[in-house]
Amino acid sequence: MSRIAPVSTNLVVQVRNLAKAYGDHVVLRDVSLSVPEGSVTAMIGPSGAGKSTVLRCMNLLEKPDSGEIEIDGHLINAGAKVSARNLAALRRSAGMVFQHFNLFPHMSVLRNISLPQERVLGRSREEANAKSMELLTRMGLADKADQYPARCSGGQQQRIAIARALALGPRVMLFDEPTSALDPEVGVEVLEVMKELAAEGMTMIVVTHEMGFAANVADELVVMADGGIIESGDPHEVMSDPQHERTRRFLRAVLER
Amino acid sequence: MNGLLPDVTALLPTMLGGLQTSLVLTVSSLLLGLPLGLLLSFGVVTPNRVLRWISVFFVEVGRGAPALVLLQLMYYGLPNVQITLSSLVSACLALTWTTAAYTAELIRGGIQAVPSGEVEGADALGLSAGDRLRFIVIPQGLRIALPSLMGFAVLLFQATSLAYTVAVPELMSQAYSTGSSTFKYLPAFIAAGILYAAISIPATWLSVLAEKRMSRHL
Amino acid sequence: MQMLQAILIGLPMTILVTVLSLALGTVAALPLLAGLRSGNRLLWLLSRGIIDLLRGVPPVVWLFILYYGVSVGALRLTALQAGVIGLGLVSAAYLAEIFRGAISSVHSGQWEASSALGFTRTTLWRRVVGPQAWRTAIPSYTTYSIGLLKDSSIASTIGVAEIVYMSNQYARQSGEGILIFFIAAGVYIALSLPLGILSRHLDTKMRKVVAR
């Protein structure tokens, strides 16, 4: 299906001139990106291109050397000192889902989802648990509430991790290769949940190797290589008619596998 | 060799009082030493220089000096600065020091072994630094350190046998006095050895079991 | 001055007890290790039992048993002999476990590859498994040696005139108990420092080798 540009032009995420290097090794060079509300942005590219680093810089899990990040009106300038309050606000606005789930193994599934609500949003135990159960039910995992994460399959753990992030009511969800650690069949469960989220209008940025998801669900495709964005635009256009030689090489390698 | 077994079995019940003192000494040193160890585990990496050096001093001396030296330091040394404590209390202080120093290192090791993903998970959710420590890093670090802490507790129990040198009436001291009053040294020490082993060996098995369970979950 | 003299007199004895016990322990660990790795259930059980017993009883009890107990006939152990044998046997038990752990940490693929290449058992142990296991064992071995250095102080309880024994005598005679034991503590730390540095150095080097 062909899509017209999203109705809303309200930009939830804006990243400007992000740069980062470890010594001589340049990880990001001058990356800028805008994400309108309700849109899904897929980021693809060869490993080492800096996709995950961009995502991790957005909620300051990694600190960029320079540049600006603005999420839901919370502006952070890499050059200046970041106040704890501003950082907390930024992280509350952005929910993150990791490749390896990063659930807390010493807490039950329910506590994993409820604790952050209690500590970050100040919800009562009852409120938090009610919200957690609502999300778990939506994920089809209500019966896992009292289990420990280790007792759940990878696909279940990832859906729990998504529920944990959603419970804080984020304005944007950041997905860092959410299916890469999963068997293909199990990954489908997770992709289904992500599709539903997208259909409900959640703003999403997804670093992924799932070309099907990138082509069919994303509104915008961003191709990265060597620490920079080399191409971006409508997923179908970029995939069928890549402008850049580097993109062509990458797509050929992925699609002809 | 003939009379040995009856001698040993006859002596065993008379030594239970000493064993009790050994256990009291072990448990009280753990109760005091573990919280101190947790504090020291952070003290050795605190940016505050004075606190850090004090912590490093306590950890390095507590680990570097034999328990026997610390016991005698407390027993013979404290009266020099006009502090007079009973032998049990001074032994408890010395072993608390040992415990705090060793467990500080074990807990630090556990904390460093907390997978970075869990810490990042906490960060990404926006948990404050204090909450991250309280809900994720410390509980997980202690859980990871648990088998080695259990192993240490067994060594500490064995180390209480050295408290006889500072006149604590524990198991070893009881064996020694029984031996010297009856001249049946060998049965007395064998009886003591059996009682120590009866606690240490199963406790060691428990710590090995804990280690196996832990490695399964990580 | 007298204080330093006391410690200096004890120092060589501390080193002697440590070195002899470590040597005895290393050698005596080998049969225990063989038992632990043996397919024979009975031998395994025997080794396991000896190791658990040696580790389950505090060293001071072993020293007392050897020193006061083993005096059958004319043969009576000197304090130094009893100390070295006692600490050496306890060390053997701990070292056997360290060696066993190191050997089992060598990846099973190494054994398979050696068999597939038709290596003899000698080549397997000398060229493939031995070196890899030894490299893994070194940090634990040095850590244990530092522990043994401190445990050598236990020999003072049966009258071996090492550092703690001398310090104790000095403290009783002079009534001064803080400085002497702090100095004693300092000497132990100073002695273990080079070993500790070596161990940490080897450990970081090993980690680099293991992790990519």
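By written order: A, B and C. Residues from 1 in each chain.
One rule holds for everything that comes next: a residue touches a chain if its C-beta (ideal position, glycine included) is under 8 Å from a C-beta of that chain, and two chains touch if they have at least 3 such contacts.
Please read these numbers as outputs of a predicted model, since none were measured by experiment.
Peer 1: Taking each chain's centre as the mean of its C-alpha atoms, which one lies nearest the mean of all protein C-alpha atoms here?
Peer 2: That would be chain B.
Peer 1: What chain pair shows the greatest number of contacts?
Peer 2: B-C
Peer 1: Measuring centre to centre with CA averages, how many angstrom lie between subunit B and subunit C?
Peer 2: One centre to the other, that is 20 Å.
Peer 1: Need the CA-centroid distance for the pair subunit A / subunit C, whole Å please.
Peer 2: Comparing mean C-alpha positions, subunit C is 53 Å from subunit A.
Peer 1: Can you work out the whole-Å distance between the CA centroids of subunit A and subunit B?
Peer 2: Each chain reduced to its C-alpha mean, subunit A and subunit B end up 47 Å apart.
Peer 1: What are the residue numbers in subunit A that touch two or more other chains?
Peer 2: In subunit A, no residue touches two or more other chains.
Peer 1: If we count contacts the way the header does, which residues on subunit B are in touch with subunit C in the complex?
Peer 2: 60-61, 64-70, 72-73, 75-81, 158-159, 161-162, 164-165, 172, 175-176, 179, 185-186, 189-190, 192-193, 196-197, 200-201, 204
Peer 1: Using the touch definition up top, name the residues of subunit A that touch subunit B in the complex.
Peer 2: Subunit A residues touching subunit B: 59, 61, 84, 88, 91-92, 94-96, 98, 100-106, 115-116, 119-120, 150, 161, 164-165, 168.
Peer 1: Given the complex with subunit B, which residues does subunit C contribute to the contact?
Peer 2: 52-53, 55-62, 64-65, 68-70, 150-151, 153-154, 156-157, 164, 167-168, 171-172, 175-178, 181-182, 184-185, 188-189, 192
Peer 1: Flag every residue of subunit B that touches subunit A in the complex, lowest number first.
Peer 2: 117-118, 120-129, 131, 135-136, 139-140, 143, 217-218
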